[in-house]
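Here chain A shows up in two complexes: once beside chain B, once beside chain C.
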Partner chain A sequence: MQFRLEKRQEPSRFMLYATPVAAVVLTMVLGAIIFTTIGFDGVGAVREIFLTPLINPLKWQDLAVKASPLIIIAVGLSIGYRANVWNIGAEGQYIVGALAGTGVALATWEMTGWWLLPLMIIAGVAGGMAYAAVPALLRVKFKVNEILTTLMLTYVSVQLLNYLVLGPWINPTGYGQAQTRLFNADQTLPYIIPGTIVQLGTPIALIVALVAWVLMSKSMFGFQIRVVGLAPHAARYGGFSENRTIWLALLVGGGLAGLAGVLEVAGPFGRMVPSFPTNYGFTAIIVAFLGRLNPLGIVVAGIVLAITFVGGQVAQTTIGLPFPAVGLFQAMMLFLLLAGDILVRYRLRRVVRLPAAGEVA
Partner chain B sequence: MSPELLIGIIITLVGASTPILFAALGELVAEKSGVLNLGVEGMMLVGAVICFAVTYNTGNPWLGILSAALASAAVSMIFAVLTLGLSANQVATGLALTIFGTGFSALFGRAYTGKPLALFKSVFPDALATHPLLRAVFGYSPLVYLSLAMVALVWWFLAKTRGGLILRAVGESDISAHSMGYSVIGVRYAAVAFGGAMAGIGGSCFPLMLTPQWVEGLTAGRGWIALALVVFGAWRPIRLLGGAYLFGLVMTIELYAKAGGGIAHVVPSQFWAALPYLATILVLVLISLRQSSNTSAPACLGKPFLPTN
Partner chain C sequence: MDASRPFRLELTGITKRFPGVVANDHVSFSVKPGEIHALLGENGAGKSTLVKMIYGIMQPDGGEIGWDGQKVVMSNPKTARKLGIGMVFQHFSLFEAMTVLENIALGMDAKIPARELEAGIRKVMDEYGLVLDPHRVVSTLSVGERQRIEIVRALLLNPKLLIMDEPTSVLTPQEVEQLFGVLRKLAVEGCSILYISHKLHEIKALCHTATILRAGKLVDTCDPGEETSRSMAEKMIGASLKDIVRGEGRELGEAKFIVSDLSTGKLGHFDVAVEAVSFSVRAGEILGIAGVAGNGQNALLNALSGEILAHDASDVTLDGQPLGRLDTTGRRRHGLCAVPEERNGHAAIGDFSLAENTILTARDRMSMVVMGLINSGAARTYTGKVITEFAVKALGPAALAGSLSGGNLQKYIMGREILQRPSVLIVSQPTWGVDAGAAAAIHQALVDLAAEGSAIVVISQDLDELLALCDTMAVINNGRLSPSMPVGTVTVEEIGLLMGGVHGEKAAEDTHAVPA
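Moving on, here comes the complex of A and B:
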């Protein structure tokens, strides 16, 4: 029996949404098998990583906390990816956004007032945008590939963070420990559900996704971004500037990564520390793809990835599974999703071979 | 500057460049065939952890290098099946490969945290490396000589052989190569596997000559620098060699600055740590200034090939 791939007239909408679900399910099945073969408790790993955080209501608040930055960053990235602008340095923009917010917090540390937090957030967005403006400028002016520049700047931002928290920003009353002062009450995100750890970052993430969805599907801006990505020649003919799209894509991606950064430092962290970079910027790339570059899909995908993070911590304590295993599960999910992509554009057809004349007895 | 210091700097910079040189050479061949594999960093990490594990358990570094090459080539096949077999997006798949390699090396490296590994011994008798000048010739790890041999081999293959000609044809014009009867996909599979094996050997340089203890994420973005180096070298092996040593020099400055001396006290150490990455960006800008457009890139780079449609 032979199969052949046949191009579809139009991409299959069913497959577009079915393949991410299939990728997650297949990851669980394959993950259980692979981890069992290499000597771990495979079934236990899948149960703890994918199901426990979902079943146990006590873990839901952790999911909200983890999913929020992932959703905010991934929404920004998805807009760029739709326009074929490959910003993979969201981690750097996230760090610089958080640093900008921290700078404001430290400068206003002895002040109080409702305006402190909004000011920090504006600084965070601006910081992320400024950091993404560098690769945008280099791409537009010098045609330098943004994949490499955004990534190189991520490594630079980690060094900038280390320099600041060890040097000029070190807590003067912290006995030389590498961290800043704890932000004051007006500089930290309020809790929105009493008795939980859910902060203002979670509703902001949902609003960001909703606004992006309206913009991308209902506005001229969204149309322009999609056309530039799908058909650059047509876009040029239609008068859409490619350079302007590159700028927009990187500034939006950087700004949202910066927003996620400042919400994280003013939220769960409450101060800047060297361990601030937690690879949210890289994981958000998986979230963006798993969510099919659609803001609403990204909300679901963000929760799925948050489940694996929270579940990874559970599995570490309950069955002793090392935390990096989570990275393998996440990569496997992305591999399977990309493999399934072909089913969106092609259909599998059975080839019925007619016996050739000579073969008939 | 004393000759001893100068030779010390040369030896350090050659060592620092060797992993990047291996990985970039492999990526160069893959890109020449028209495939952009952004998974170099991940494949290097897989190579590093496999090499560490095999060398630690067998005591034979050559076996470690071989296993690293095989493991990374195997991992690169995930990328090849997805992008060549299923024509998945090369950028996204390469990123997924890096995420995979990072997780893989972190998971399997944990068992070796803090365990020491003997450095790869020189293949020459010790007596040859006593004088500083002789040391500049004979004082390197065997991997360094292997990397130089690979530069020559890749150059010879691409420029002088029929196989190299076919590979370049596939990267420049897949449709013509296909109509001439060459298997575009087959050539690309081979090129990706070679790229994987070379990234694996590049990764094995870390435990064998640079950090003789297991450290999570020990490649620290060198795989990405290798990708930039291919652009810098304009897809030519000899230029790649020069570029790799230039990056090695920048990284050596960091090491010497950290050890203390001169301007190191004026500039914070984090600046020196960030310097290789900043230098990469600067170099990319300079290159694009010189070549008005990226004319030297293979014409089919990153584009999927579907013969039947």
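Moving on, here comes the complex of A and C:
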């Protein structure tokens, strides 16, 4: 018995939604097998990573906290990816956005007022945009590949963070510890559900996803992004400028990553520390693809990835699974998803041996 | 042709099904040794599928293939070549950056030393009067010369059956004559030729027999000499053919669309730029631009549509309004619409629905965008109108453009632009790959649009189409445009010479080297 891939007449809508689910399920199965063969309790690991965070209501607030930045960043990235602009340096834009917000907070740390937080948020978005403007300029003016520039600028941003936190921005009353002052109450995100750790960042993430969904599906902005991504020639014919789209895609992606950064530093962290970068910017790439580059799908995908983070911490304490194992699960999910995508455009057919010509009239 | 000899190729009840369609439904016909046999049919009639099965690229679901009296299974193209079947495809598979010799060597099944191969190539070229330097790099060759590479490649195998898929669509009339000379010589020597085309007068001039396919079924096998082009076309489409109806006593108005000294820079490595192109089109006039593919037609269309901006705003004017520095959107607002040659990925996006494809070019003129938001209802309504008025076979405005056949997609694209009632319409290859019935409908729509006072420019490689449709004609060669000439005052031979860019000494050289 042989199998053959056969091109479908139209991309399968069923497979479009089924493959992300299949990728998650397959990741669980393969993960259990892999960790069992290397001597862990594989089934237990999968249960702790994927199910405990869902079953235990105490973990739900952790999910909201982890999912929010992932969703915000992934929505921004998805818009770029739709336009074939491959910004993989959201981590850097996230850091610079957070630094810009921190800068405002430190400059105003003795002040109070409702306007402090909005100002920090604006600074954060602007910081992320400015950092994404560098690859945009290089791509448009000199045709430099944005995959390289965005990634490399991430490492630059980490150095910038370390310099600022160890140098000019170090807490003067912190006994030389590498961190900034704690932000004051007006510079910190309010909690929105009493008795939990869920902050303003979570509703903002949902609003961002909803607005992006409307823009992408109903507006000329979304139409332009999709046309440029799918058919650059048709885009020129339709009157859309490729350069303008590159700018838009990178600025939106950078701006949203910056927003996530400032919400994170003004939220769960409350101050800037060297351990601020937690790879949300990279994980968001997986979220964007798992969510099919659709803002609403990204909300679901963001929660799935948040589950693996939260579950990874659970598994670390309960069955001693090393935390990097979570990265392994996440990467496996992305690869299985990308591999499974072939089923959207192709179907698997069993090949029956052809009868020799003549046997069938 | 000796009737007692077995048929070179004999197809019996060949059937091939694809998901949703029967591409070939019990097709049977035979080709004698030395016979030039035409395979005729509209797009999607099943010609290509049939030929692919003969050449071993696909396997039939039913039926059998006979070769010189023996039943054979063409399991792959190598088997077919071993039996002596050669094929020249419509789309050449050549490496631009390599020489003729290297390209031919790559295509051979057996490894032949370069020196021997070159000798073989020169012998074949001498024998058939094909002129080609084996050491030229392909990117420097014209389309006609590229086709010669494919022909030489096929002839090196001493074929007993040569399959030619739409070979003349890229040739000048003179090149077509040379090609026919080669094919006739081959036939006299006993090689059978299966000639796929939809150009009926060529089939009348060249072929001994014609097999006509329609919707996968064999309709008729006839002698082209005894048929008229019209009768064959009607068998092909299964209905009677309509003539273009022109209004009586039509008078052309003032010069409406004026292009002066329009140039584009060099765009890409293998693209041809246009240089100092000037012409004007009057209200109600259809100007035809003839030329062999790859002589700057794409650059010209892009420069006229606004995909490439002109150096000066006044290089392109419509009713005195300078449009040269406006992009496609700006030019459309002023009433200039355009249809590029390439349907997929340029004029339309396969992964988008027809309604979304409508938004691509009709959003401003048909008010489909309000405050940056898309009015999808308006897009659907307009798309529905295009589908009805241009008889597009599609499930509706929500159908994906990629799910339409080439001809239907072309009808949709033409309809989408024509129903916007542009005051200037530029179209490239309006009926490329479109069946005769649909082509007639598109031609009629163009004539009607002109009758309403629009100025129309048709860029096409199909001389017959231009002669039937246009009031004036110009020829593009190597990026330069000849002066416009009224149709009727100019002969096909003159146009052919202009298309080949033949002036003076080069003409002498060509006639010397190629006894056609």
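Convention: the second predicted complex is superposed on the first by the 354 of 361 C-alpha atoms of A that agree within 3 Å, B and C clash if a C-alpha of one lies under 4 Å from a C-alpha of the other, contacts with A are read in each partner's own complex, and residues count from 1 in each chain.
The criterion applied here is as follows: contacts are C-beta pairs under 8 Å (C-beta built on N, C-alpha and C of every residue); 3 or more make two chains touch, one makes a residue touch a chain.
Quantities reported herein were computed from a predicted structural model and do not represent experimental measurements.
J.: After the match on chain A, would you call chain B and chain C a fit or a clash?
T.: Fit - chain B and chain C, as placed by superposing on chain A, sit side by side.
J.: Between chain B and chain C, pick out the one touching the greater number of residues of chain A.
T.: The partner that reaches more residues of chain A in the superposed model: B.
J.: With the two complexes superposed on chain A, say which partner A:220 touches: chain B (first), chain C (second), both, or neither.
T.: second
J.: Just checking: does A:148 make contact with chain B only, chain C only, both, or neither of them? Give me first, second, both or neither.
T.: The first partner, chain B, only.
J.: Taking the superposition as given, does A:10 touch the first partner, chain B, the second, chain C, both, or neither?
T.: Second partner only, chain C.
J.: Check whether A:156 is in contact with chain B, with chain C, with both or with neither, and answer first, second, both or neither.
T.: After superposition on chain A, A:156 lies in contact with chain B alone.
J.: Applying the touch criterion given at the start, work out whether A:88 contacts chain B, chain C, both or neither, answering first, second, both or neither.
T.: First partner only, chain B.
J.: Of all C-alpha distances between chain B and chain C after superposition, which is the least, in Å?
T.: Once the two complexes are overlaid, chain B and chain C approach no closer than 5 Å between C-alpha atoms.
J.: Quick one: which bits of chain A touch chain B in the complex? Just the residue numbers, please.
T.: Those residues of chain A that touch chain B are 5, 7, 86, 88, 138, 142-145, 147-149, 151-153, 155-156, 159-160, 162-163, 166-167, 282, 285-286, 289, 322, 324-328, 330-332, 334-335, 338-339, 341-342.
J.: Enumerate the contact residues on chain C facing chain A in the complex.
T.: Touch list, chain C to chain A: 13, 19-20, 59-65, 71-73, 305-307, 327-330, 332, 338, 340, 342, 345-349, 351-352, 356, 359-361, 363, 369, 372-374, 376, 400, 402-403.
J.: Looking at the complex, which residues from chain A come into contact with chain C?
T.: 6, 9-11, 218-221, 223, 226-227, 230-231, 233-234, 236-239, 241, 354, 356-358, 360-361
J.: Once bound in the complex, which stretches of chain B touch chain A?
T.: 38, 78, 81-82, 86-89, 91-93, 95-97, 99-100, 102-104, 106-107, 110, 216, 220-221, 224, 227-228, 231, 268, 270-271, 273-274, 277-278, 280-281, 284-285, 288-289, 293-294, 308-309
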